[in-house]
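Pasting the structures here.
Common to both upcoming complexes is chain A, partnered first by chain B, then by chain C.
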Partner chain A sequence: MTATLERGLNALREQIDAPVASFFTSCVSCGICAEACLFYKETGDPEYTPIHKLELMRRMWSNEYTLLGRAKSLLGLGKKITDDDLTRWETLVYDSCTMCGRCTMVCPVGNDITMMIRKMREGMSASGHGPKELVGAAERHTDGTSPMGDLTQALLKRVEQASKVTGIEIEVDKPNVDYMLMLSSHEIASGEEMIASVAKIMKKAGHSWTISTEGFEATNVGIQLGNRDVAANLVSRIVDAAIKLKVKTVISPECGHAFQAIRWEGPNLIGKEYPFEVKHIIEVLDQFRAEGKLTTNGKNGDRLTFHDPCQVNRRGGINKEPRRLMNMVAENFIETEDAGTMNWCCSGGGGVGANQRANDLQAKAFNIKKRQIEAVAPDAIVTMCAFCHSTLEDQLEANEMDDIEVLSLTEMMAEYLDD
Partner chain B sequence: MTNNQYFDLLMWARTTGFDIALTIMVGGILLRVIEIVVLGRKKDFAKAKGSPVTQGIKTIFSRSVPRKGTMKEAPVTYIGGYIFHIGFFVAFLFLGAHIALIKDLIGLSWPDFNKAVIETAVALAIVAAAALAYTRFTDPVRRRLTGWSDWFVLIVSVLPLITGYIAVNKVFGVDGTLWMAIHILSAELLMVSFPFTKLMHAVTFAMARYYNGSIQGRKGAES
Partner chain C sequence: MAQKPMLPELLKAHGVSRRGFLKYCASLTSLMALPPMLAPKVAHALENAPRPSVIWLSFQECTGCTEAITRSSAPTIEDLIFNAISLDYHHTLQAASGHAAEAAREAAMKDHWGEYLLIVDGSIPVDNPEYSCIAGISNLDMLKETAEGAAAIVAVGTCAAFGGIPHAFPNPTGAQAVGDIITDKPIINVPGCPPIPIVMTSVLAHFLTFGLPELDDLGRPKAFFGETIHDRCYRRPFYDKGLFAEAFDDEGAREGWCLYKLGCKGPTTRSVCATVKWNDGTSFPIQSGHPCLGCTEPDFWDNGGFYKPLSAPAGNYRQLGLAAAAGGVALGVAGGALSKATKSRAAKAHETVDAHDLEKKS
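Our next item is the complex of A and B:
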C-alpha cells in the first residue's frame, strides 16, 4: 500500500461515526436518491446514483465496522479499497455531485447522503485525488488572502470606490462594531456594488460595521475539496479577525458554501463555539425588516423569479427570509417549480463549477434548471449566492438565454431603500 | 402412525429452533445497534437555529411519507414498498396464531383479522415483492445497486409469506405438518439473518432518520 493511499484511508476512517454507520446499515438500495440527483436525471446514467458514489466508504464501513465484515476481513475475504478504486470514484465524488442535498431530503430511511459525500472527499483529497483546480485554489488561499491569490489591495480599492459612489465613509478594521462583513472573491472581483449596498443598508439601519483586512474572504475551498486542515485554517482567520475587532456579528455574504463553512462547519473545525454570532446577509436584512429598520420605496416591475442556493436554503435553513424581502421589492414575483427547499441546483456548486474536467457534465446537468426557468420566462433571476449568480449567468449565456438578467437580492434591497 | 415423519421437525422448529432463532435475532440486533452507537458522534459546536432533538424525532415519522412530487419519480418502488411492508406486517401481527405466539412471548395480545383480510394482504405483499424484484432486474439504477445481499433479503422476506399461505390452506394435501414446519423454519431463517443483513433497516431506519432530522433541525432547515 502506498503512503498516500494509506493516508487517504486513514482520513476516511476518521470520518466514520454513528450517523454514517446507521445510514449504511439502513440503505436498502431502493434507488430513490437517483431521482433527486440532477446528474442522474439529466444523463440517465446509473453511475450517478448518489448512494453509489459512496460505495468505497460503504465498503470500508462494511469491512471494518460491522460484525460480519470484520469476520470476513479476518478470513481475508473482504474486498479491499485500492488506489485504482479511488481514481475511478474521483469523478463520481467531485464531478457529479454539487453537494446540493436533494438526495438527503428524499431518502426513505433518512440517509444524509450529502454529508457522507462531504466526508468521503476528506479521504479522496488526503489520498491525492482532489481535482487540481480545487487543490490549486486551496494552495493560493492558504498562501494569500483568497482563492484568487492576495486580494487585499483589490478589496481596499473596492472599498474606496464604494465610499465614493455612496458618499458614505467606510472604515476597514474598525473595532467594536455591530457587524463585520465578509465577502466572496467573486463579489470583490466583479465590482464595488456589494460593498456599496451594504454601506447604504447599514447607514439606513443605523448599525456600525466594518470589513477586516485580515479576514474578509468568505469562500472556503477546504469544504469543497474535503480538507479539514485547509478549511480550519481559513475559518480561524475570520474567527481571529472577529475576536480582534470585538464584533458582535459576522456577516456571511451571498455565497452558499461560505455560509456552510463559517456558520455550520466552522465551530466544529476549530473545536469550539464562537464568541460572536454568524448570520447570512439575507438573515440580517430580514431581521432589519422585522425591526422596521429596512423600509423600501417602489418596486421592480419586471417579471422576477428567485433561485434558492442549496447551501443557504436546503442545507442552511434560510427559506422564508428571501421571499419576505422579495415581496417588498418585486411587483411580479413568480416562483419556479420546486422552488424553496427542493429547488434544483444551479449546477456549479460543491466545487463542480471550478472543475474543468466536469464542464460538459455540468452543462448537461444545468438543463433541469434551464427548463424550469423557461417555464416561468422571467426577465431576471434574483439569488443570494455569488457563485450561483455567476454560474447562472454563464449557463444562461451558453444557452443563448442571456437576455435574462441575474440579480443579487442584497443589491436589489439597497436599490429600493427609501431615503 | 396417525401423524407423520415430519412431526418431529415441526416440534423442533416450534421449540428449540425458535429459541435459537430468537436468541440470535435479539442478541444480534443488540450487538449491531451497540456497534453503531459506540462509534459516537462529535459534539456540534455550531449554535443551533432550530431544534435538533424535536426535529430528529419528528423526522422518524415524517419520512414515512414521500416528499411532494417524488412518488411519481419511482412509483413501483414507492407503491410496491408500501404494499409489501403493510401486507407483511398485517400477516405477521394480525393472524390469530401469530398473536398467540406473541402473547406467549411478551404477554401482550390484540384482536385478530379474519382469514380473508390476512390472505388478501399476503397476496398483495407477494405481488408487490415480485414487482420490486422486477425493477431490480429491469431498472438501470436498481440493477446497478442490487447485490446478492439485496436478493437474499428479498427472498427470505417473501418465503414466510408463501410458505405460510401454503401451510394454512393445505395447498399440497390435507396434512399440513411439513409445510407448517417449513413455514416456521423460513420465519426462523428471516430471524437469524436479520441482524447480519439489510433487514437491520427495520431497526436502524429510526436512528438514520433521527440523525438526518437532527442535523437539518439544528440549521433550522427542513428534513
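Our next item is the complex of A and C:
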C-alpha cells in the first residue's frame, strides 16, 4: 500500500468528532494561543499561531461537516484540500509544534488545540507527509523492537551490567511480579544506570519487578507521527507482554510521549481496558515515599532546578510528585519562572528533535528555555524525561552552557537511598 | 473685544491645581478612547485652546440636558472647562434677555462666522413652525440661520439627535431632529435623556483638540457609544447564568439579578452608563434597580414598552417562533445525521496500515 492524498483526507475525516466540531465552532480567533507557543514567541511569525496550524482540518470540517459548507461544496464553492496544501502545512504541523500543550492551557474557550494537532497528524502521515525520520523510526520499530532497530541483545547486556554494578539479581520475563518496567531506547543506549537505579529502589521498597523482552520499549513513534494503526500495534506489544506476565502495574519510564501513549491513548487505541495499572516511574517513587518505603540519606548541595516534561506534567498531570522527591534530595532547589504546569518545552518534543529539517527552528525556539535557565543559573537541571534530558544536553552544548549538568530524578533518588 | 482669560488662569482662579487639571486631561483621554500618550497633547491643546465661540440653542426640550451639565455636582473641572469656552448665547444660562439676548447671538455669529460651534438641544417642530418660537423667530428659522455660519453642530440630547419625546407617536408637532433639517454641516449626535455630563464635555474637548471625533452610523462618537450597556453591566454575570429578577419585589430583584425580563434595554443600547456612571460615578439606573430605558437610541419612547422584555415581540410571533424552532431542530437533526454518515463512511474507508505504508511509492 502507498500513502495517497485520498487516504490522508479520509484519515482526517475520521478524526473529526464532536469535540473537534465544537472547538472549531467556538474559536473566537483571539490569537492568545500564539503567545503561549514557543515557536511564535521566539520567531514572531504569525504562521506559527497554533490554531492556524490546524487550518486544513478546519477546512475539512467546514466543507464536509457543516450544512453551509456542504451546500457550498455541492455548488463547487468550497476550497478543497490539495496535496500542495498538505506539503505547505507539513512544516507547521511537524516542525513548529512539539505538542507541548501550552496553547490548550491558555485558550479562553477551552479548545484542546494540542489534541487537534495530534489528530491532524493522522491525515498528514496517511498522505505521505510525515517527516522521513519519524517514518523511518516507525518502520524500524515495527520490524524490530525499538525505533533504533532490534535492541533486545543490548537490553540483556545492560541488565547484566546493572546486576553486576549493584549486586542485585535482575530477572527478565519473570511472571506474577508487582511491577513491569519499560524503558526508552535512549535509556538503554546510554548505559545501565536507569536499570541499576530501579533495581536498588525496588529492593529497598521490597517489591518484585521485571522487564519483558517482548515489550520493553516504551517510546511510541506512532503517537508523534500521528498514526493510530502504528501506535496501536506498538501499545499492544506492551499490553500483551504485561498480560502474559500477569503483572499488577506497568511502569512508564522517564519519557514524555511514552506516558501519553501507554497511559492516556493506549486503551482507546486498542479498544479495551487494561487488566493492570499504568504509572509513571515518578508516581511510583512518590507512592513509595508516602508509604515510607523510600528513605534517603544526605542531600545534593548544588544549585538544582527542575525541568517539567510537557507530556508528563502539563499533559500527564504529574506536577507535585517530582517536587516532593526533589525536596528529599536537594539542599538548594530553585524553581524557574513558569515552573510547573506552564513550564516551557525543552524544544525537542513531539518529534521535532528527531526531525532534521526542523533543526534551525528548534535552536531558535530553545532560546526561551535558555533564558529561563540563565535566570536561575543552576549547577544542574533535574528532569524526568529521557528525551528532554538529551535535548537539554544538546542545546546547552550548542549554546556553550554545557557546564550545566542534566540529571535524571530517578537516578538521583537511587543515589541518595539510605541503607 | 476684551481679551478673555486663558484656561489656566481661569482654573487657577477657581482653585484647580495644575495636577488636578492634568489628571482631568488623562481621564478625558482615556474616556475618549485615545492612546494614553496623547494626554499631554490634550492638556496642551486645552491650555492653548482658542476658546471658540459657542452658541447654544434650545428648542422643544425640557432643559434636562442643561440641568444635567450645570447641576452635575459642586463646581467640577468639567464645569470649568465648559465655562471656559466662550458661551456667547444660551438662553437659559445667560443674564441678558429679550432683544439684548438676540443681539448677543447676532454679534457672536457676525464676529466668528464660519468658526463658531453650534450646540442644539431639543427637536424642531416642522408641521407648524409657530409651535415653538423665540423672540418671534421660529425654531426652524433660527436653526437654519445659525447653522449656516457654524463650523460644526453638536446635537445634545436625544430630542436634538433623534427627535426624542416630542417626536414620539403621534408626534403632534411634526418634530424632527437636527440631522433631518441640516444636511450640509458636520453633526455630532450626543444622545441621552439627558446625556452623561462628562460625555458632553469630552466631546467638546475632543472637538477643541483633535477636531471631529469618529462617529458611528447614527452620528454618535464611537468612543462613548461603541459598546452596549449590557456588555459592561455589572449584572451581566447573572444574565450569563440565567438568573433574572421577574418582578420588582421578588427574591431576584433583592439579590440584584439581571433585569432583562423586566424590560431592560441594556443589550440594545449603546452608552457608557455602566462604566462612567452618573453623579460623579455614583450609580446608574440599573445599579439603582431599574431597567435601562434605552434613551440613547432613536425612538426609545415607542419601542414597545419600558417593562416589556426585549425578547417579547410586539406582535403575535409565538406560532412563527415555534415553527422556526421546530425547523431549527429538524435542520440540526438532519445535519447531525449527515455528519454521522460522513464519519462512518470515513471509518469504513479506513484501511489499517503499518509503518511501511506511510511513504508515497510510485
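We adopt the following convention: the second predicted complex is superposed on the first by the 416 of 419 C-alpha atoms of A that agree within 3 Å, B and C clash if a C-alpha of one lies under 4 Å from a C-alpha of the other, contacts with A are read in each partner's own complex, and residues count from 1 in each chain.
Just so we're on the same page, a contact is a pair of C-beta atoms (placed from the backbone, for glycine too) under 8 Å apart; a residue touches a chain by one contact, two chains touch by 3 or more.
Remember, predicted model here, so these are calculated numbers, not experimental data.
**Student:** State whether chain B and chain C clash or fit side by side on chain A once the two structures are superposed.
**Tutor:** Aligned on chain A, chain C clashes with chain B.
**Student:** Once the shared chain is lined up, is A:D17 touching chain B (first), chain C (second), both, or neither of them?
**Tutor:** It touches chain B and chain C both.
**Student:** Considering only touches as defined above, state whether A:D229 meets chain B (first), chain C (second), both or neither.
**Tutor:** A:D229 sits against chain C, while chain B stays out of touch.
**Student:** Counting only touches as set out at the top, which of chain B and chain C does A:M1 meet: first, second, both, neither?
**Tutor:** Touch status of A:M1: second partner only.
**Student:** Between chain B (first) and chain C (second), which does A:P175 come into contact with in this model arrangement: first, second, both, or neither?
**Tutor:** In the superposed model, A:P175 contacts neither chain B nor chain C.
**Student:** Contacts for A:G301 in the overlay, against chain B (first) and chain C (second): which applies, first, second, both or neither?
**Tutor:** In the superposition, A:G301 touches no partner, neither chain B nor chain C.
**Student:** Is A:R263 touching anything from chain B or chain C once the two structures are fitted on A? First, second, both or neither.
**Tutor:** Once the two structures are laid over each other on A, A:R263 reaches chain B alone.
**Student:** When both complexes are superposed, which of chain B and chain C contacts more residues belonging to chain A?
**Tutor:** Partner with more touched residues of chain A: B.
**Student:** Applying the touch criterion given at the start, work out whether A:A138 contacts chain B, chain C, both or neither, answering first, second, both or neither.
**Tutor:** second
**Student:** A:L67 contacts which: chain B (first), chain C (second), both, neither?
**Tutor:** A:L67 sits against chain B and chain C alike.
**Student:** Identify the partner contact of A:P275: answer first if only chain B is touched, second if only chain C is, both if each is, neither if none is.
**Tutor:** After superposing on A, A:P275 lies clear of both chain B and chain C.
**Student:** Name the residues of chain A shared by its contacts with chain B and its contacts with chain C.
**Tutor:** After superposing on chain A, chain A residues 16-17, 21, 65-67 contact both chain B and chain C.
**Student:** Which residues of chain C touch chain A once you look at their complex with the stated criterion?
**Tutor:** Touch residues, chain C against chain A: 331, 334-335, 338-339, 342-343, 345-347, 349-362.
**Student:** Inside the complex, what are the residues of chain A that reach chain B?
**Tutor:** Interface residues on the chain A side: 16-23, 25-32, 34-36, 40, 44, 46-47, 49, 51-52, 65-68, 104-112, 115, 263-268, 271-274, 277, 313-319, 338, 341-342.
**Student:** Okay, in this complex, where on chain B does chain A touch?
**Tutor:** Listed in rising order, the residues are 28, 31-32, 35-42, 44-47, 49-50, 59-60, 63-64, 66-70, 73-74, 77-78, 81, 139-147, 150, 153, 195-196, 198, 200-201, 204-205, 207-213, 215-216, 218-223.
**Student:** Can you list the residues on chain A that touch chain C in the complex?
**Tutor:** Result: residues 1-4, 7, 10-11, 13-14, 16-17, 21, 64-67, 70, 125-126, 128, 130, 135, 138-139, 141-142, 222, 225, 227, 229-230, 233 of chain A touch chain C.
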